[in-house]
Structure formats: C-alpha cells, structure tokens
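Below you will find the structure I want to go over with you.
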Amino acid sequence: MSLAIGSLSEFLFGHAPRPVSCGRGLELGKGTVIPEINFTLPAMDIDEATWPEVRRLYAEMIEGVCKRAAELEAPGLLVEFETLPAMTIRPEWGREIVEILATCLHGYYEKHGLKNALRVTPNDTRDFLSPSHMRDGQYWEAMAQLFEMSAAAGADLLSIESTGGKEVCDEALRFGDLRQTIFGLAILGARDMEFLWKHLVGVCSKANIVPAGDSACAFGNTAMVLADQKFIPRVLAAVIRVASVPRSLVAYRMGAAGPSKDCAYEGPYLKAIAGVPISMEGRSSACAHLTHVGNIAQAVCDAWSNESVQQVRLLSAYAPIVSLEQLVYDCRLMNTAAAGSREDAIRLRDWLVESDAALDPQAWVLRPDVVLRIAERIATEPTPYLQTRVAARCAIEEIASAHREGRLRVSPQEIRWIAKIEREVAQLPGQESEFIDEMLATPVAEKFLPGEYGIESVASR
Amino acid sequence: MTDLKKLHQAILDGNAKASAEETAHALVAGVDPMTIIEGTMIPAMDEVGRLFECQDYFVPELLLSGRAMKAAMQLLRPLLAKSGAQPVGRVVIGTVKGDLHDIGKNLVASMLEGGGFDVTDLGTDVSPDRFVAAIGEKNADIVCLSALLTVTMPAMKTTIEALERAGVRNKVRVLIGGAPVTLQYAREIGADGYGENANAAVALARELGKGTLRP
Amino acid sequence: MSLAIGSLSEFLFGHAPRPVSCGRGLELGKGTVIPEINFTLPAMDIDEATWPEVRRLYAEMIEGVCKRAAELEAPGLLVEFETLPAMTIRPEWGREIVEILATCLHGYYEKHGLKNALRVTPNDTRDFLSPSHMRDGQYWEAMAQLFEMSAAAGADLLSIESTGGKEVCDEALRFGDLRQTIFGLAILGARDMEFLWKHLVGVCSKANIVPAGDSACAFGNTAMVLADQKFIPRVLAAVIRVASVPRSLVAYRMGAAGPSKDCAYEGPYLKAIAGVPISMEGRSSACAHLTHVGNIAQAVCDAWSNESVQQVRLLSAYAPIVSLEQLVYDCRLMNTAAAGSREDAIRLRDWLVESDAALDPQAWVLRPDVVLRIAERIATEPTPYLQTRVAARCAIEEIASAHREGRLRVSPQEIRWIAKIEREVAQLPGQESEFIDEMLATPVAEKFLPGEYGIESVASR
Amino acid sequence: MTDLKKLHQAILDGNAKASAEETAHALVAGVDPMTIIEGTMIPAMDEVGRLFECQDYFVPELLLSGRAMKAAMQLLRPLLAKSGAQPVGRVVIGTVKGDLHDIGKNLVASMLEGGGFDVTDLGTDVSPDRFVAAIGEKNADIVCLSALLTVTMPAMKTTIEALERAGVRNKVRVLIGGAPVTLQYAREIGADGYGENANAAVALARELGKGTLRP
C-alpha cells in the first residue's frame, strides 16, 4: 500500500486526494474547508415525559445554527447528530431527531442555498452489557436498526465512535500499560471495526449515502484528557494516538469514504494513507475538552468542528450558535489564504503547525512531516497489529529524537517514560497469534468475550 | 535492614513481585509484621503520595505502587490482630443509570483503594435500587456517584431521593463528580460534596471520612 | 496632529508606536499579542446573603483562567474585571473583588512566571438617575470612590465604558437618526470624556498605574447588535462606528495610554492616530455578542479578548477557561506568523482583513487602508465635533465608493440608506455652537441636563 | 382620492408632517374620518408591517411610519365616536430592579405602540412595587419585564412574586425578555411568555392579547 499523499506540499487543508460529495451540494476535500457543527442537550432527563421537550430543543438548535450559517454565508455546513444512549436503545427516538434535523437542513438549502449534509453518529451502546456483546443481543440489534432508520429518515453520512476493545483499554490507560492498550486497539478494536464497518458500508450502499468514518475517541481522547489532567504522561498519550491509526484505518479498507470523525485526531494519518477528507477539531472544541493541539489539529483538515456543545445560553446566544460562528470565521481565514496560492495555504498550515508542535509530544506527532514519515511505515505493514506495532515504535522514536535535538520539549518527569515506552514497544511479539495467546492467559481475558471479536477462546483451540 | 530498604524501593517502583519477595524475606528473617508496615510500607506509600502530589509521579505509578503494597499486605494480613486492620472508610461507587462512562469512576475507585478505602465498585448504568442495596450490604460510609452525560446528571438527583426514601441518606455521605457536574449542582440536589477531578474526589473522601465537611 | 502610524506596512498586530508596560512584566504593543480575558457571574442575585458566594465565584474564575494560562504557557495575561452595577454603587464590594483577583495574579506571577496585569473597569452607573447626573450626586461619588479603591487594591490599569450622551443616542439609534446620534457622541460624549478622563488620569498618576482607555460600546456596539438583528441597516452601524472615533480619542488626549477597551471596535483608528496599543475582540467574543467582523477585528490588535462570558459549565470546563484557551491559541498563531518576518505578519493581517471586508460595511471600515485614510482626515480637524463630522462623511464615502466599484456588497434594502446618510451628513452645521443651539431647541433637550456636560442651557445664555 | 394616495405615501415614508397635512386636506374636502382610517391609514400601516416582515423596512422606518400615523390620528381622534378607539391591549413595560439597560426595552415599547398597544414605559431599574402600582393605575393586560444582566434576571422572579402577593398576577400576562433570558427560565419563574428579540416580543404580545397562549 502506498500513501495517497506523496509529498508535504500536497498535504493541505481543504484538499484531499479522494474528495466526497454528500447531502445537498456539499463537497469535502475539493478545495474549501467546511464547518462541522455538533450540539447536544443541556442537563435533563430523557423519558416519555420530556420527549416533546427534547424534540423542541433539537428543532431549536438546528434552526439556530442554520440561521446563523446562512447569515454568515458559510461555504457549506456539515451537521453531526451524535445520539444519546436512550436514542440508540430506542431507535425510534433517534429516528425522530434525524427527521427533525433533515427537514430543517432541506429547508435551508432550498430557501437560502445553504449547502449542507447531515452526519448521523449512533452512540455505541454495546458495552451496556458487561462483558459486551458486540455482534448480537438487544443493544446490537437496536443500534443496527438505528443505522437503517437514520439512512431512511434523512442521514447523508453515517459514522460511529465504536468502542470495541474499550473493555481492555480503560484499565490499561489507568495503569499506563501500553501493551494492553495495543491489544485493545489492534487486536480487539481492529476486529470489531472490520465487522462493524462491513455492516455499515452495506447499509450505506443500499441507501446510497456516505459511510463516513470512525474515531478512536474512547482510546486516544481518553488518553489525551487524562494527560491534560496530568494523570498520565503526554508522551504516552502521543504514542497511543499514533497507535490508534491502524484501527481507524480499517473503516476505509472496508469501504468508508470520509470525512473522518472530528474527534479522530488521528485524522491526518488517515488522510495521508487513505486519501479521504478529514474532519478535525482543536481550539474550536475547547467547549468539549481542553487541548494541547488547538492549532496544529487544524493544519490539514477538510471539515473543522466544535466536537460538541450543550444548548446552554451564553450572553450572546445559545452555545451551538457561538460555536458555529467561530467555525465559520476559522474557515473563512483558511479559505481566504488558500484562495491566494498554494504557497499561501502552506504558509498558514505551517504557522498552525509551528505554533503548537514544540510544546507537546501530542502536537509533535501531528506535524505533517512526522505524519508522512510514520504513515509510510504503517502503510508497508500487512495487518492492523503489525501496523500498530510499527506506529507505536515510530511515534516514540520521533518523539525521542525530536527531544534529543531540542526541537520538542518533554517535561522532566516524562523523560523516564520515553525509555519505558521504547522498552515496551520493543517487547511486542512479532506474531499476532502469540500476542493473543499470551493475553488470553492473563486476567485481561476476563474482561471480554473472545467470540465477540471472532477470536477462538483458548479452550476451543 | 537492607531488605526493608529494598521493600521500600519495590513499593516506590510499583514492583509487586519484588515487594512480596522482600516482605517474605523480612518475615523469614524474623522482622515483626507491624514493624514492616509502620516502619517501611506506610512511609513508602507516603513518599508515593508526595511524589504524586508534586506531579513527579503519574496515576499509573500511584496505582502500581498501590498494587505492590497490596501484594505485601497479603502476606502480612493473616499475621496481624484483626483490630489494626480498619479501612479509612467504606465506599460504594458507580456511574448512575443510563451512563456508561467509567474511566473517571474507575480512576477514582482505584485511587481511593490506594488511599486505604474499602471500595465496592458497582460499575456503570447503576440503578438507584442497586446503590441502596449495596449501602446496606457493605455498611458503606460514603457513596460516590459519577455521570459524564448532561442527560444522565438528573439520575444523581433520583439516586439521592432513593437513598432518602430507603432511609439510608443520613448514614452516608454522598459525593458526586463527572465532567458536567458542578458544586452548584451538588448543592442543588443535596449531595455532600463534589470532586472536580479524581484528585479532588479522593481528597474530599478523606475529609468526609473524618466527618468534617458539608458543602 | 499627524498620524502615529505613517504607513500600511507599520500597521500590524502586536506592534504599537507607544507600547505600554503594566502589572507584572506585561508589555503591550512591543511585538507580542497578549490574550485579555473577562468573565462575569452566572444568573444570580447580588446581595448581602449571596456575597460570600460571589466572592467564591470570582476566586474560582480567576484561579481557573490563570491555571490554564500557565498550562498553555500564555505569553502573558491581561485580566479585565468589569464591575456589575451593585459593585460600583457599593464600591467596597468592587474593591473586595479587585483584591481577590490581584492576589491570585500576583501568585501566578511568582509561582509560575505568568506575566500579567489587572484592568479594572467600573461599570458606569451615572445613568441610574434620569436625567443623569454626570459630575456629582451619589452615583458619581461612589464610582469615583471605586476608581481610587481599585487603584489601591491592586488594579494595574483603569478603564471605563462611559455613557455620557447615551441618553440621547438610544432613541436616535431606534429612529435611525444620525444627526441626533452625532450630537450624543460628539457634543455630549466628548465633553463627558474630557471631564471623566481628566479625573481618571489623575487617579492613575497618583497611584502610578495605567489609565488605559474607554469604549463607545453604548453607541457603536448597540448599533452593531441592532444591525445584526436586522433592526437597523449595517451601513448606518458602520458610519456610527467611525463617528465614535473622535469621542474615544478624547481619553488619549487627556493622557490615557492604552490598551484601549476590547469592545471599542474603533480601536484601529485609535492606534493609527494616538499610537496606543489596542485590545480587540471578534470571533473570540461570539460568547458575548455575534459579529460580522470576527476576523478583521483581529488584524491590528495588541491584546485579543473574549469581551465577557459567564461562569457556566460547558462539557469541558467553565466557559471562561474555554475562552482563555481559544484566545491563547489565536495569539500563538499571530505571534508565530510575526516571528517569521514582517511580511509574514502582514500576510496574516491581510488574510484576516480580506476574509471579512467585502461582506459587510462594518467590516469594510475596519480595513487598515480605509482606517489610515479616514484617520488622516480626522487628525486634521481641531475639535471632536468637526472630527466626528468628517469621520461620518468619510465613512459613508468609503462605503459608497467601495460599493460602486463592486468591492463591497451592500444588501439591496440598504442601498437607499447610503444616499440618506450622505444627505444627513452634508446637512451637519459647520459650527458646533449652531448645532448645540439647534438641538437644545428640540425635545432632545429634555433628555439630558446641559450643565452636566458643561453646556450652558438656552435660558442662561 | 389623489389626496388619500398622498396620505398613504406619507405614512409609508414616515413623513409625519405630510401625513398630517394630507389628512387635513381630506377632512376639508369632506372625506369621512372612518373612510380615511379604514380606507387609507390601516392599509398603509399593513403595508409597512409587510415591508418590515420581509426585511425591506428597518425598525427606524417602522417607527417613523408609526409617528406619521399618529400625527394623522391626532386630527381624526376628536371626530370619532369613543367606541371605535380601543387599543389592542394595555402594556406596562420596564427594565427590572438593578438593571439600567433600556435600548431593547425601548425598542419593544415603540414597536408595541406602533402595533396599536397602549404602552406605559416605567423606564429602567424598576422595583416590583412600581410594577404593581402601574398595573393598577393603568388597568394593564400585559406586563413586559426586561433584563440584560445575568445578575438582574432574578429580579424578574421577585417581580412576579410581588405581583402574586399583591393579588394582580391573574389579571395580567407576564412577558419577559433580554439577552440572558431563555424560554426555560420563563417557565421556571412562571412567566407567560418569552420574547427572544423585539420582533418575537411584539408577536407574542399580540398572541397574549388574543388570550390564546400559555407557555
């Protein structure tokens, strides 16, 4: 597999080798960066009694952001609806909201010419059971149903932030255990992605809509948030970010087309390897989580997102409208720079990069040059596990050498972690089956059902 | 005494195997169990706590040291009189109904354990009834409720109301936390405390354990 | 009077001809753009009973933003405390909050090396009486006392958003009456500014702190918000913005040093004429009011602000921390670009300008080239009234010609307003005394007390 | 009839002087006052309303047309039977205690007047007692409360409570508005309606006038 993006000068915001057309006239990766807005409910119960109010709130939110997008003459608008658990478990509820959103979006396209599309992201509820059932049972059934219903009710793109492997990774992150994290990502996560995205691509192709992409949110972003609270080292979070790339790549191998999910900060790698347009978030999503990659995350984005914000009132307007406005101005700046020349776009990209890169290893691994170097190594490996192994190894190598050369600052108490991670990566088995056998023999095996990931249990071997 | 220095180091390193080995050596050499605990293990864990507070240690190091301490204690506990082994407090913890997020809750649970609490973790999506039942079974002093979604926050209130109806509200202190939760909200629903992050939650549990704090 | 900024290539963000040093190591206009953060209480009563909670909230807010500023290694931090009415009327309350904020800021400078300064902006309560007493009475007394107390309690800069002339302008804006608006700004406002800033500069020089600047918020921003709601034409709001420049300039003539107030969008004019560093806000202050100048407002700023946000919880953190984080990343980008070369800084400035300028006359009049042209004309006039007259005339001329040339879009229903404004401007008297006599003979005279502005009433002439 | 076309145009132009002159001409020419009102003035104001709704007219144009209409009415009113001159409703409006912001409130007040309401504007920083007194004096149907500061919003609640204590809450509909105000808040404090902006406030007052709406 060779990279979709061959050189640094082609690695730009707004441009993707495989652009996507979706919804009502919306194009991603064709030269213009588009704002992607996501919103959620304020603190409230969701039940029969409050359901009319839930409907009213979604109608109010979508109307607010569309109205402002039209007033600001946004170049287009991608709206993401991420369901809440109750709306996946009871898919009819999810469907109702999809319909409300789609109706408003159609209206704004017709009345105001606002190009737009609706991305629906059912919340992955399969871990409501413990251990999780990934491929059957009531939670899977309801979620599968919601995909179909969303496609029928007006979704233009389907996404998910799938959680296969999370059972194993949550503990691993707390204990800073990279080996167990990689087991969760590359063995369990990648297998679940294969199953899930095969299914999702099927649903989309029947409905003639776009299978967009997944996010290693439950892994990479959990690590990022823990690192931001100084609970785990940033170097570890940075390595986990890169190690999550092969898992997220599986979606594209199975037929997903992008744009990737906003909170998939592994996006630049996905774009470099698979050529798909990517959605990113950074300072724009400070409302959802604080970050150390606020600018650099924007460097090669095709859609620019706020991640999520509740319908709470700020002094000016509701928070989703505030987010929308900020995204539109950010996109204006990028699109204005790019309208000058490719050199200008590169210049802005590089300022976004340089303003963050040296301060945090999590930013460093998002440098376009670093991304291309590591992506190339990932692309040469045949399986998600081997890709993940090399991804982790390259990531810690890049960090270590940048730190040695004085180009990247690593805080004193993190320095011993560089050697620790190098050691752990070096000890990862060369054979996937060996790795699986080893992990199945530890208490980790009690946390998940091997069959749910297509893995034969030790007993049945 | 050289051996006990090694035990000290094993706990600092979070090395459970070495910690158990060194403890076994010390016992064989005839060191009194209370001397091992009070002279070495407690000072070692205090040191770990200090390193964590000044941000030299991260959570994994804190938790691994806790594991190393536990491994040593497993050898020592049978040799101790029952009286000395009181936990700092008994905690029941869980993510409220409708919410599946558990990383924050798990972090708090393991840090509480490391801090000497007896912790019962009910997991995620825990109904008010299960909280009520667990309080009775475990004779808990503290209940920790976690929520990451704005739409599951109201379940914290429902849970506290259930504790009241079941007549156990006065027996326990209720501590709440999670991204959307605020001190304001804790007051509104009549919780006893609010932890802004895992550190704060554990510190607060300690305070509540001493029975000194009401918000 | 000649311009402080002689050419377009010197008109840059981060650089001001007359930089300001203040607080603990903070420098404005010396090459680095600094974030300025402002926060306010959530919905609550302020009274004896809630006062302890008010104190707690301010302590929580300042700690939150300082902590995050230190984590993100902000190049400095300007904190603005704008009092609420109750804190001006009872200045001891205002003083207590100043002390809380100053203590925290001192601590972060000492422990974390965070350069910082505290701007205190007492809320102008003089219009609690109707008609307002501007120079005596309980409201003036309390406000004057708060200035002194703030200086003693740890304020490093004093500002105000003064309201002299507002009595007349509010009605004028509703009726789209430019003549009456100019009376409020240039006759009443300018006279009040002279009185007020003479006093303020005196207080500051005694305390050895910085008299910063004022804002035509009650005029220009009221017009901007009304225009954004489509209640008044944008061309009118744009002309009023430029017409507010001479009033705000008075502060600098009286000895103010900058940085100007964030919400004074007339800032670029102040910088061009008086050479002072300016604080600006744009997309960063969408939390406080929506805007059509989200990027262009940033083009020549020295401090970059969020205007104001309440202590409400977002998914990540409290809203002031979210604002702070976004400001820091915006400053990083500007400072990174400027670190390259002056040409790079100009490039980024021009993208910020071009991305907004053509879409709205309010943006157009903030173009650095337009600013320099109009500023030059303002600087040649001897009095605030004549300066305002020429400012309004030049503004509508610039808008009309840019629209004619197809460089600026004006919406169809606003076009007739261009001619209307041109007519009204042409009819403004050449003599200030004539203008005053005329207005004193209309019902407008009932709205204010001439003596409070140093104007002899008709009776006493 | 030519004269009445000029009157129509004067109202559309917001030209109060011309409006009064043309009305005077029409009266001299013997046109019946009700014909002037129903045949010309009301259609002219309807046209103004339409132009405003489709965003061709701005607020100043709306208000100036209202003034022109008033100028004509001053000549006609003495000639009319009392019965026909009922206002759409009687409104008491003010910015609540502690808050000085009045541009939004004034805008709503003038637009309500333009819409045929009898409006009593109490100004800014209005105490609950003054609202209560004004409701009695003016026999108001609707009370509009405005607040721009988060810290003065609670005064809306206090004001509504004062209306209750004074026994006038049931006689009036309470409408609230201002930047930090939400529908949610309106419900919480028991207001009858919430206007997101001046347009919405006036539309809502019309609805409330008809007695059809409760949130």
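Note that the chains take the letters A, B, C and D in the order they are written out, and that residue 1 is the start of every chain.
Methods note: a contact is a pair of C-beta atoms (placed from the backbone, for glycine too) under 8 Å apart; a residue touches a chain by one contact, two chains touch by 3 or more.
Everything quoted here is computed from the prediction, not taken from an experiment.
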Interchain centroid distance [CA atoms averaged], chain C/chain D, Å: 33
Whole-Å gap between the CA centroids of chain B and chain D: 62
Separation of chain A from chain C, taking each centre as the mean of its C-alpha atoms, in whole Å: 40
Multi-partner residues of chain D (at least 2 other chains): 150, 180
Residues within chain A bordering two or more other chains: 40, 42, 310, 313, 315-316
Chain contact topology (line, ring, star, complete or other): other
Chain pairs in mutual contact under the definition given at the outset: A-B, A-C, A-D, B-C, C-D
List of chain C residues in touch with chain A within their complex: 40, 68, 72-73, 282-284, 286-292, 294-295, 308-310, 312-317, 319, 321-322, 325-326, 328-330, 332-333, 335-337, 340, 344, 347-348, 351-352, 354-356, 359
Touch list for chain A against partner chain D, complex: 42, 313, 315-316
Chain C residues touching chain D - in the complex, by the definition given at the top: 40-46, 84-86, 125, 127-128, 130, 170-171, 173-177, 222, 226, 229-233, 310, 413
Complex interface listing, chain B residues touching chain C: 150, 179-180, 182, 184
Touching residues (chain side chain D, partner chain C) in the complex: 55-61, 63-64, 98-100, 102-103, 106-107, 110, 123-125, 149-151, 153-155, 180, 185, 197-198
